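Chain naming follows the written order as A, B and C, and within any one chain the residues start at number 1.
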Amino acid sequence: MFLVRLAIRNLTRNKKRTLLVALIVAFGIAFFVMFDSLVLGLERNYYNNVIDFESGHLQLVDDNYWTTQAELPLSDLIAIDDELQQSLAQVPELKSYAPQIRFSANINNGLDELPITAVGVDGDRKKDVFKLEEHLVAGELFSADQSGAVLGENLAQLMDFEIGDYLLLVFTTQEGAFNTLEVEIVGLVNTPNPQINEHQVYIPYHKASTALNLKNKATEVILRLENNNVIKAKEFIKDNIIAGADDYGVYTWRDSAQDIVAITEVHSIENRIISSLFLLIAAVGIINVIILAALERIKEIGMMKAMGMKEEGIIKVFMIEGLGIGLIGSLLGSLMGGVGVYWLSNFGIDLTGAIDSDFGLPVIERTYGVFNPSAFTLIITFSIVISLLASIFPAYWAACKSPIDALGGTN
Amino acid sequence: MGLLKLEEVEKIYRQGEIEVAALGGVNLEVGKGEFTSIAGPSGSGKTTLLNMVGCLDKPTTGEVYLEGAGISSLDKDQLALLRRENLGFIFQGYNLIPVLTVYENVELALKLLKDRSNKDIKEQVMKIITAVGLGKMADRKPNELSGGQQQRVAIARALVKEPKIVLADEPTANLDSETSLDVLEVMVEMNQKLKTTFIFSTHDPLVMESARRVIKLKDGEIIADERG
Amino acid sequence: MNKTRLLAVIILASILLLAPKASALTAEEIIERVDNNHYVEQARMESELVIKTDRKEMTKELIIYLAGNSALVEFTNATDKGTKYLMIEDDLWISFPDVDDPVRISNRMLEQGMAGSDFSYQDLMEQEQLLELYDFEIIDHQEYQGRASYLIEGVTKDGVNNSYYRRKLWVDQERFVYLKEELYSREGRLLRTIEAEEVEQFGKRWYVTESLIDYKLRSGSKTLFRVTGIDFEPDISEEIFSLQGLK
């Protein structure tokens, strides 16, 4: 205890130095938790984008279709028969499901053509399974008997379309024959998902199936649950639906979002690297501080050795000092980081434009941070360990001076 | 056998290719309660001799006996233990720990012994601090004290554990003559009251006058040993 | 003596007049002859693509190699020099001069206009004989560009995969080349028109060497495809129709 008291007092000898190094530790910690919070927030946004607008919670899809879905082929489809619908209705915690036909088409306004993805889906289902209604900026989502199209505001603007205009879709059927579909625009949306806003056109299911000659077929069936509990639902589907149809598979939203998983992992690693750099600098700082302190106190050390203190004791004092710097830094860092994360979680930060290409994630709305206690625990523990390790070498170095040399050599 | 005995103690330092003999075949005995000064010009080997006596260093040849036990076979930690339990040191630079109070600086010596209760420690520390005339300064930090007062703290620290020998290396070197006298007075008093053996190196004539025995060193050898 | 001569003239005239009716061709026969002219088993063509829009005119020069189901297109004009398209089996690959590996065009891209022109990659890839794809019917006899022609309509045969469900062709009655084609989607929308601007003879074959293509869904642009040199019996090695050959 005496040694601890001594070490603590020693830290006050040169407050500026102590504080400087502690601040470096603090910044490392604060940066880490804030970055982590932001990445989690982005991840959450993106996952929500995928769930709310693309994949729902689960998808029922032919396994062969799943592997080639980027091509939007019109083969390996799901047959929507009564039996399937009955089974689907019984999926636990189901909110709703929507069979859809996705196909590639050109949107044409008489002057220009743009390749987009067309989605044929029932109006009612669309409302329940996707969050499009909340993001309507004009008009309405069609219901099952109407025959209008809904597209992103951006796309409409690009093609000079307004509500009431007729857009032309040009596409090829499964047999490769060109076909066209003229549809009135009844609604415009502006969602957080840029994929939807700029590359997608929704038309009623029956129009798509007729134009493509795909009666009662779907490229996939999207399911939305009441909550995030996909496991139970997935098991149910596996046992009751897939069991009977070899090629069908059920995929969760996470399977659909594989690229985002990869990207956030990259960002986690980035975070670790940057924070480690901070802590490396701090470690160097600590080593520096202790060596300086030892040089300044060399006579005291000699004195204490003369008085009979063992090297062990001297090492302990210096290590406690190093640890102390780490602890002070951790405290400061937790405070700074805590404030930062609080601010991010409640007020968010607008990252649109700033990070499109850098982060690799499309972001349209304000990003809110996520409070992640384990990030704090991780980085603080790491900082303390680094502080301790950094102080070992200089502490040994300081303690090894022989008392005579320390006190001033021969006379 | 006296308290301290040096038998044919030699200390040779190597500086590159050159060997320097700091001490050459010194023989010395010091008894309990002595107040001995080691005098000599610089380079005569005073500090080296003191280091031997203080078990801070081991002789190249010869042996140092402290209360009959030889030190040349002891390792670093054993020597430290020896010093801890038997020796007190006073240096010309005081070497007080600036972040500790007067009380704490003195207390440090006892804390190292580990076998005293806090109550005992407090008693003993206050006693010695008062004895050197600093009873009211117990909570002051060294930078609030004069040179003389700081040296008195060093003395208190050296004495608090009632060591067998107190070794002082030029204890008055940084003090003016008036203060030097004060400090000397304290050391003499302690020597008389506690019967602690004092051995100090000095070339201050004032100090030599107070000493009852003066050992003169030149070129690493004792040339005179006067008792007066 | 006059009567005999008159009778001979009358008989001769009737034979001449009757001749066309006696040798009236069926739609299939007409199309067969058209296919013989148009369908190329193997060829090397030097050609030009002139894309005219309201704003500007772009000319691209290409060398096209055809052999069976494979085709290789190589751009030789300054801007696009070195770019190649390769069609093998059902896939389309593009290779660029600075890029190591050729890029496979995904099937959904095949509908797009090639190099900004009025015909699609899909159109370029189709090298089939029309007779195998459509059921034809003669609708009318018309004059087109001052030439007597058959107006023939074709509807895709059942079970056949075909880009244009319905076609109308104006076939030159003498030379059996199409003078104009109208290409329709499944529900009857006119997608493209192709007009023959120039027709040349190569041995027994008549071939359209300049055609004007108009993609009707996009106004304001037309594309002229001009063949400046053609070799129907070229010496092409199989290797050029492979990915390795592209590099």
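Methods note: a residue touches a chain if its C-beta (ideal position, glycine included) is under 8 Å from a C-beta of that chain, and two chains touch if they have at least 3 such contacts.
On a predicted model such as this, the values are computed, not experimentally measured, just so you know.
Participant: Chains touching subunit B and subunit C alike, please list them.
Facilitator: Touches both subunit B and subunit C: A.
Participant: Just to be sure I understand: the centre of a chain is the mean of its C-alpha atoms, right? Then which chain's centre is nearest the mean of all of them?
Facilitator: Chain closest to the assembly's C-alpha mean: A.
Participant: Can you tell me which chain lies farthest from subunit C, using the average of the Cα atoms as each chain's centre?
Facilitator: B
Participant: Using the average of all C-alpha atoms in each chain as its centre, how far is it in Å between subunit B and subunit C?
Facilitator: Those two chain centres are 115 Å apart.
Participant: Using mean CA coordinates as chain centres, what's the gap between subunit A and subunit B in Å?
Facilitator: Each chain's C-alpha centroid was found; their separation is 68 Å.
Participant: Measure off the straight-line distance from the CA centroid of subunit A to the CA centroid of subunit C, and report it in whole Å.
Facilitator: Inter-chain centre distance comes to 53 Å.
Participant: Can you list the subunit C residues touching subunit A in their complex?
Facilitator: So the residues of subunit C touching subunit A come out as 106-113, 122, 156, 160-165, 183, 185-187, 189, 191, 217-220.
Participant: Which of the residues in subunit A come into contact with subunit C in the complex?
Facilitator: 70-73, 104, 106, 108, 110-113, 115, 168, 170-173, 175-180, 211
Participant: What residues of subunit B sit close enough to touch subunit A in their complex?
Facilitator: Against subunit A, subunit B makes touches at 13, 22, 42-43, 45-48, 51, 54, 56-57, 76-77, 80-85, 87-89, 91, 93, 95, 97-100, 108-109, 111-112, 157, 169, 201.
Participant: For a test of understanding, state which residues of subunit A touch subunit B in their complex under the given definition.
Facilitator: Touch list, subunit A to subunit B: 2, 6, 9-10, 12-13, 299-300, 302-311, 313, 402-404, 407-408, 410-411.
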